[in-house]
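The letters A, B, C and D name the chains in turn, as written, and every chain counts its residues from 1.
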Amino acid sequence: SDLQEYFDAVIGADQKIEPRDWMPDSYRKTLIRQIAQHAHSEIIGMQPEGNWISRAPSLKRKAILLAKVQDEAGHGLYLYAAAETLGVTRDELVDLLFEGRQKYSSIFNYPTLTWADVGAIGWLVDGAAIVNQVPLCRCSYGPYARAMIRVCKEESFHQRQGYEILHTLSHGTPAQKAMAQDAIDRWWYPSLAMFGPPDADSTHSAQSMAWKIKRFSNDELRQRFVDMCVQQAEILGLGLPDPELRWNEQRQAHDFTQPDYTELMRVISGDGPCNRQRMDHRRRAHAEGAWVREAAAAYAAKQAARAEVAA
Amino acid sequence: MKKELTELLLRLGDDALIAAQRLGEWVSVAPEMEEDVALANIALDQVGAARLLLSYAGELMTEAGESPAAAGGGVVTEDTLAYLRDDREFRNCLLVELPNGDFAVTIAKLLFLSAYQRLHYDWLVASTDERLAGIAAKARKESAYHLDHGTQWVIRLGDGTAESHRRMQAAVDEIWPYTHELFQADDLTRRLDEAGFGAAPATLRDAWLAIVEPVLAQATLDRPADGWAPADGWAPAGGRAGLHTEHLSYLLAEMQVLHRAHPGAHW
Amino acid sequence: SDLQEYFDAVIGADQKIEPRDWMPDSYRKTLIRQIAQHAHSEIIGMQPEGNWISRAPSLKRKAILLAKVQDEAGHGLYLYAAAETLGVTRDELVDLLFEGRQKYSSIFNYPTLTWADVGAIGWLVDGAAIVNQVPLCRCSYGPYARAMIRVCKEESFHQRQGYEILHTLSHGTPAQKAMAQDAIDRWWYPSLAMFGPPDADSTHSAQSMAWKIKRFSNDELRQRFVDMCVQQAEILGLGLPDPELRWNEQRQAHDFTQPDYTELMRVISGDGPCNRQRMDHRRRAHAEGAWVREAAAAYAAKQAARAEVAA
Amino acid sequence: MKKELTELLLRLGDDALIAAQRLGEWVSVAPEMEEDVALANIALDQVGAARLLLSYAGELMTEAGESPAAAGGGVVTEDTLAYLRDDREFRNCLLVELPNGDFAVTIAKLLFLSAYQRLHYDWLVASTDERLAGIAAKARKESAYHLDHGTQWVIRLGDGTAESHRRMQAAVDEIWPYTHELFQADDLTRRLDEAGFGAAPATLRDAWLAIVEPVLAQATLDRPADGWAPADGWAPAGGRAGLHTEHLSYLLAEMQVLHRAHPGAHW
């Protein structure tokens, strides 16, 4: 059809699809799924780091962490808004999350056990997110691409803060350095797993690449992340917990041990250390806030009615 | 007057710090995602004000050769004061340390505190201590935003559903007695007032009522009946003298745990 | 009447009135009020000390404190049982407490701010309680007198433990000693107030003395307590916060400053620092436990029915 | 084998200590006054067992010249171990550190833990380490009482009202996955088993099921469907290796606050 041809032409010319444009149903669905998952991840992702706000070891760190977690809530909000341009509501998406029909990033199903985990999440998890997301700034769907530009800018700020936490710890007391190393040991493989299953097993990738939603394969991005981290770990003076990690002169890249994809699948399917806790937490917050949202709606309705009477 | 000024800075700074700590507990459990952002933002403002105030207090203490017992001497920083004092050494009002309760209780605390902080900072802009005046000039703008946010919610909840009205009224009734402490005069406030350093808090109460009462009225809420003098009603106090509720030491145990577990470490 | 004469004769002969005996209504009411208040005090009194169970600074102290608070619950239980011999139920008494129609000792409306408060409660509050209660072991009502014998034995154990806490603190670090002194400074006058208003203002005393429920006046007991504490404070190496406190050779007793009875009246009438907190705590525990008590009753009823069918 | 024995003592002692800490939270908020007494009594037994176990572990560590990092050397006592280790150094199972939840959750934890402790102590009475055997002989009697108390309540709540049945079933479902960790074998348990020091926990599971399943049946509760192997169901673990839930560090912050605030003080 004409519409499909126009759509294909826009994609082909590296132009943006906008909400008013016609788009194939499967394109719309893929985007909704991906943007929603991303939004859910920001919201659920507040929990592991939020866990340390009350205990941040200096007021400066407390302020930085508060600002970061606040940014995540903000990211969630404008990603939901981007998804809404595709004809779903935030409430529908939240329901899909609660029903387990949409996911969030499985990385947030690991616990933050020490303060150093806040650093490791910043450095590794936000670092992996950036590698994943920078190409999304050129995604073919306009609202998503624009949201990602803002998200990436803030994420790279967060990543630097995480790196700085680890740097301070690794140059601090022996106990602090041990805490930092322990955190990296626990977060390294889960971070690698954030790029998803190996290309051979990745189901959605080919179509997403064709639509220019996705620009690089899981394995390409994972490799890029590893290469980036090796350098930074050296400056930190901390080790990465992979005895097989070494420079491959031929490939001009690092060889490394793949994460345990069986574990990844188990965590995705609900059996990570914190899946139940994270969802219970979110559900409880939502349920306990119901009376507040109802009150806000009732008040808004009254105000509208009053305005009408007055008019 | 350095000693009195230090004490005033601790009162203001501790109010801000403990308020921030309680607000921080809301992050990721607020009733709306927008509210996660808003409460975190207010918490952030309060941490910011606390840092300025406690840093200044720390500098004055360092000059005077004073420090909290647990710090055992040396330079007194914002973190020395935040992390190495026990509850008996904190000078915040009781209102800020009370548990968050439901969202209505948090909002009642926010309205009452921010109206008071707004007025107090307004006054302090004219403090004869220039540095304090500068801090107040920044903080008063933030307090105005907090007050607006609290006002909007009190009205929405008070004039929302029957359930929200009931909860908001209960929250106002529960928190109201703790507002008297905000305006209590003591030797310190009298001396500060004479020196032009800080407001005599009692003089702020009429202005405070002029802010708060119309909000309650618009929210269709009853203003709790009380006399202002302690003899006429329950007016819990003691925070300014380090006599707190049983809640504060739990809050501090959590807040200070990591800092204290690694003496002398940098973060 | 004969009954009244018999009652008077028993009292006169220092014998015990037992539940089966006739007794004047006002005697019964006075006893119910007093025993119930005593029982309520044990139950509410668990809160200020319970506040430090989780934070006791050594495992030995944690064990001792757990045992003490457990004893208080036990005292509450057998005091309620003693009151029940007078023809009321525990549930009725608990309701009267919740309705504010019965009181508990106003001392428990003060907060426990530091660990030393646990010591001060043991030494001063339990100490005052013992001075108050030892004469009650000879009270004319049998079940109450017998309950008090057991209570007093355990209380004196508690008092010694509190004294030992303070002794350890006062011989510890300067911070510990300061903590101990601070606790005594805060608990001294409220403890003196535990003996009630001065004799001149005491409403119930004369009749209670005639009935041999009460054996000494408030002021007599208060004086006894002060004299006892002065000695012990010296051994502790801690001060009592009363500049007027001194030995009066003529009276062979210590002169001392009376507690602030206006404050006492304010606390009794509900405006102490923790009145609301203590009652809210108790009410919440009671309300949240309702489903458990209902389940226990339902199960007991089912078992009874099953036993009947089986029989 | 001293090292392995020390590790076993920490596992047993930390289970008891953290269980006691959670039970202690019930004091003055139990659903019946009799239950205040009962739960405090169980907490007291657990503190008692923890003291014996941790004291013994401390003596072995002192001999070996080991101590927790925060203690920085010296004699290791029960208090060194209770108060100066971080959560990464605690060896308790996850089940005991979970928040109390409602009374049904607490009772589910009590039933499952006490049945396991009873069986484990039974076994340890025959340990080739005599001192451990002696501790076990005392503790097994107490566990039997705890088990009886838990059993009675599970039956009462399960076979009580519709509401209590619903809550008790939800509690059993919630806690059940955490019971797998109690029976997990690792290198340490294998070596201990070979040396006759402690039971291979996996061998206790059948006996445990033989206790627990009839209780659930009598309580008219469904026994949660699960395979025993982690692959067949959710079996959270890690406590024995110091990988805990996010709850433990909060519990410890509160438990240790006073002890840590006064380094070196006696109490």
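Couple of notes before you dig in:
Here is the rule we use: contacts are C-beta pairs under 8 Å (C-beta built on N, C-alpha and C of every residue); 3 or more make two chains touch, one makes a residue touch a chain.
Note that this is a predicted model, so its numbers are computed, not measured.
A count of C-beta contacts for the chain pairs A-D and A-B puts A-B on top. Taking the mean of the C-alpha atoms as each chain's centre, chain A and chain B sit 35 Å apart.
With each centre defined as the average position of its C-alpha atoms, the distance from chain A to chain C rounds to 58 Å. One inter-chain figure worth recording: chain B and chain D are separated by 41 Å, centre to centre, where each centre is the mean of the chain's CA atoms.
Residue numbers of chain D whose C-beta contacts span two or more other chains: 70, 86, 249, 253-254, 257. Shown for chain A are the residues in touch with two or more other chains, namely 55, 175. Judged by the touch criterion defined above, the protein chains form a pattern that is neither an open path, a ring nor a star, and not fully connected either.
Screening every pair of chains for touch gives A-B, A-D, B-C, B-D, C-D. By the touch criterion stated above, chain D contacts chain A in their complex at residues 69-70, 86-88, 233-234, 236, 238, 243-246, 249, 253.
The residues of chain B lying in touch with chain A in their complex are 17, 20-21, 24-25, 27-37, 40-41, 43-44, 47-48, 50-51, 54, 78-79, 82-83, 102-103, 155-157, 159-161, 163-164, 167, 254-255, 257-259, 262, 264-267.
Residue ranges on chain A touching chain B, taken from their complex, read 43, 46-47, 50, 53-63, 66-67, 69-70, 73-74, 76-77, 80, 115, 165, 168, 172-173, 175-176, 281, 284-285, 288-296, 298-299, 302.
The touching residues of chain B, counted against chain D in their complex, run 70, 86, 249-250, 253-254, 257, 260-261. On the side of chain A, the complex with chain D involves touching residues 51, 55, 111-114, 175, 182, 270-271, 273-274, 276-277.
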